[in-house]
Amino acid sequence: MIDQHCHSVLAGDLDDAAFAALLTESDLPPAPGTSRWESSIGLAVRRWCAPALGLPALAEPADYLARRRELPDPAGTLLRAAGLDALLVDTGLTAAAGRPLLPLAELGAAAGARVREVVRLESVAERTARDAAGPAGWLAATAEALHGAAAGGAVAFKSVLAYRSGLAVPPEPPSAAEVLRAAGQWLRGPRTRLADPVLGRHLLWTALDCGLPIQFHTGLGDPDLRPADGDPALLADFLRTAGPRGVPVVLLHCYPYHRTAAWLAHCFPHVSVDVGLTLSHTGARAAAVLGEVLEVAPFDQVLFSTDAYGLPELYLAGAAQFRHALAVLLAGWQRDGACTAADAGRITRRTSGANARRLYRL
Amino acid sequence: MIDQHCHSVLAGDLDDAAFAALLTESDLPPAPGTSRWESSIGLAVRRWCAPALGLPALAEPADYLARRRELPDPAGTLLRAAGLDALLVDTGLTAAAGRPLLPLAELGAAAGARVREVVRLESVAERTARDAAGPAGWLAATAEALHGAAAGGAVAFKSVLAYRSGLAVPPEPPSAAEVLRAAGQWLRGPRTRLADPVLGRHLLWTALDCGLPIQFHTGLGDPDLRPADGDPALLADFLRTAGPRGVPVVLLHCYPYHRTAAWLAHCFPHVSVDVGLTLSHTGARAAAVLGEVLEVAPFDQVLFSTDAYGLPELYLAGAAQFRHALAVLLAGWQRDGACTAADAGRITRRTSGANARRLYRL
Amino acid sequence: MIDQHCHSVLAGDLDDAAFAALLTESDLPPAPGTSRWESSIGLAVRRWCAPALGLPALAEPADYLARRRELPDPAGTLLRAAGLDALLVDTGLTAAAGRPLLPLAELGAAAGARVREVVRLESVAERTARDAAGPAGWLAATAEALHGAAAGGAVAFKSVLAYRSGLAVPPEPPSAAEVLRAAGQWLRGPRTRLADPVLGRHLLWTALDCGLPIQFHTGLGDPDLRPADGDPALLADFLRTAGPRGVPVVLLHCYPYHRTAAWLAHCFPHVSVDVGLTLSHTGARAAAVLGEVLEVAPFDQVLFSTDAYGLPELYLAGAAQFRHALAVLLAGWQRDGACTAADAGRITRRTSGANARRLYRL
């Protein structure tokens, strides 16, 4: 099983408030009188993670947190219970709850899984900007860093354009003059957050030159994201013009626009759809949501991931939820006469790992 | 059980055509050869209301209407059968089918429920405009009326911005100069329908100053509404800037954008999602639709209502449908191992009334 | 059973690659290492068509294709197995996989069904443009051709505006001066593809004058379509102003915007929703998708079709899938107590054919 998009975790103790703060995509405190545990993801963690810690499924939050504190290595226990063979880790996030995430090698060792890096485009460009003397030098350094990442073992790029200028990307690359002008202007600012639409688009075309698959954040995210900017439908023109390059594009998360994303995968053979984050957060409804993805997405273009971040629980809950949802869905298909057991096995093997192996040449 | 958004009803007799005309959100006559009863809401009324009138469930429309005419007080019978403890009534609508709706005190007496008022922002502003001498006086009178409503027992404001200039609200309040200019211009017109976007936005910020929760019409409505204007995704920027005021915002109806609304509730702790109107109108599919809301909406931020209007049947059908849909959904979750009976009980109590009690300080 | 929107088929042999190329809405080759059969539509064809060719349901693709080649008349066998009484055929497509589609009379004979023509607006305008001397003459010839089609036995018009300038149609017809100017400009081009928004809108109002129902492509299509341009929500203003003309409008396909389309049908009595293409392509999930359509669409405004094109398999898979999905859905409604067996029978008869008979005066 290949987790084709995830983040590292916090290994040590977590107080109850810090734990709850990571049990949501929101970075805001819960409303007075409410609890982050009262949610689909709260139920999913109690369901899938309590047994891994020796508690009954759906143990109460207080019991769960108490038991977690008693164990010598809850993170390792949970990560190994997820049963993942490889993790493709987006290294664009380096901390959670104000503390550094586990380095990749340690994450892999704790999970008993191979680890490969997914390089975030905007992070590279912001890093090369720190010491850049001018626009041309910065653009060259960024291109060099991206080519270097591709040559140096990264398996994919990740774009957070949805959070910056939004996914409404014009179909053609910007002209060199436009890029230089935008670069000059951006470098005169604080160089901390790349949100210029011309530069964001330029990064995509630079990445396309490197040949690595590009993962796009689409759909639900934190309060910083405008939902309408993350609709994968907005990428259609870019996908049409970029297609002939032969570079795979992966639409991450997608919810609640996952049917639109699945349709784009139906239209464009170089586009795949990911169900990470979405299945973890939709809890008992995950089988229905996964079914919606498989309505029109070709089965060879659907990818498992967890999008786990911060809490090792999100690895286990994400993986268990995917396995369970897919099993429930395909058992229903077989009962209905819609597929054979062999079909169900093939769909399971491909979405769980084989599609990712093909796509990322693992 | 607290019906956190509804309207009053017609108490007396209704001829068959007037009844059918209220069995839809449309204000247009049905197509020749078709009947308003041939719909999910038609089935729901036959299912849930016929037994309350002493008929078998799913009695034929003609039998239902005949039986209704025989009873001395069908409205009271239906309202009491809904089993509601409190009604939060939007008083922005005062008539249906050309006849006046029951006054609030009579509605409460008939239903055996406490009644509290939800004040419609646009109605207040249109009322204060009638005698306003000029822009400054009108704006002051409107602010005074809203503060007066808040002090005088109203539990919430309601905005129908979706119907007027649409939900694409810029994040910041308009400047005083912009507001005065827009007010001057609007007052030179017939003063009947406030659709100016600057004034609509100004009303929101005036309401935020009053501290009462604000309910927004979002999602499906009558033919007057442009669907794209009612997408709650458009409110994201306003929700982000208004959040620090600590004023609760409730997204009403939401369908078919209810998953987007649920995601906004996931992101923003001051935002809640309502399922009124939606569950009544989606009939046998209500459990699935409610499941979609509970995918990513925190359970403490989901609210029951009926959005009943005109027909007392819509109170009973809405309440019965919610109870049934939630029971079916949570029974499925328990069978699947996704929650315990205690979890299901807590989710039921909170969405049925406790969340509304907390939010509106009832 | 009336297939209210479909296309003709290829009658003769098809090699395996040509077959697979028609088993998708995409016109692009599949990604290396993937197969078009690995999809909901692939499963649906194996499920519903293999038995018609004397194979077990869900026979493997290679076995299916081999068996198909052995049969003297696979197209006729499949078409007759679909059990359709009438086909309303959009003649805007004349070839598939580079080969001509079966003429209408032969299609009808092969299917054992009456055939009626649906005339594509843009095709008529592009055809009359070939010999047009100038704008006024072309516009007159186009109007004449459309009136002639209506008088000559066509049952409906079809608009592919979603593919051209998109469905965001202003509510009023363009002025004569605007139309003449746009016509003059377009005629100076290659006259091959009518994508001018003023002319597209003018075609709609010309069609409204003819009185025939107008079918609109909405929702999913091939890679040439921008998803956001096909959202039926964009038609709301046009539907509101065109409604008083009394001309039926049919929203085709609609997925993934089918709930929005259903809501438009709820609001506007002259609007109906079609489930063709969508049910074929959503496979084992078709009952859930059909349920979503029936949530708020009046049952008298929902229409069956297959949107079959090229492969006769798409007729049989589409019809069988509709029958099965509707039966599964309504059996669930009855088990839940949401409708009676008589209700289910009536909904089945109407959506399968009676609604189309009423709408197209068949």
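Labels for the chains are A, B and C, by order of writing; each one numbers its residues from 1.
Definition applied: contacts are C-beta pairs under 8 Å (C-beta built on N, C-alpha and C of every residue); 3 or more make two chains touch, one makes a residue touch a chain.
Only a predicted model underlies this, so the values are computations on that prediction, with no experimental measurement involved.
Chemist: With touch defined as above, tell me whether subunit A and subunit C contact each other through largely the same residue numbers, more than half shared, or through different ones.
Modeler: Result for this pair: different.
Chemist: Tell me the angle, as a multiple of 5 degrees, of the rotation that maps subunit B onto subunit C over the C-alpha atoms.
Modeler: 120
Chemist: Based only on mean CA positions, could you tell me how far subunit A sits from subunit C in angstrom?
Modeler: Once rounded, the distance between the two centres reads 36 Å.
Chemist: Two-or-more-chain contact residues of subunit B, please, as numbers and ranges.
Modeler: In subunit B, residues 288 touch at least two other chains, as defined above.
Chemist: Going by the contact rule at the top, pick out the subunit B residues touching subunit C in the complex.
Modeler: Interface residues on the subunit B side: 24-26, 28-31, 33-36, 38-40, 43-44, 47, 57-58, 220, 222-223, 226-228, 255-256, 281-285, 288-289, 328.
Chemist: Report the residues of subunit C in contact with subunit B in the complex, numbered from low to high.
Modeler: 231, 233-234, 236-237, 240, 243, 248, 259-260, 263-264, 266-270, 288, 291-292, 294-301, 332-333, 336-340, 343, 346-347, 350, 358
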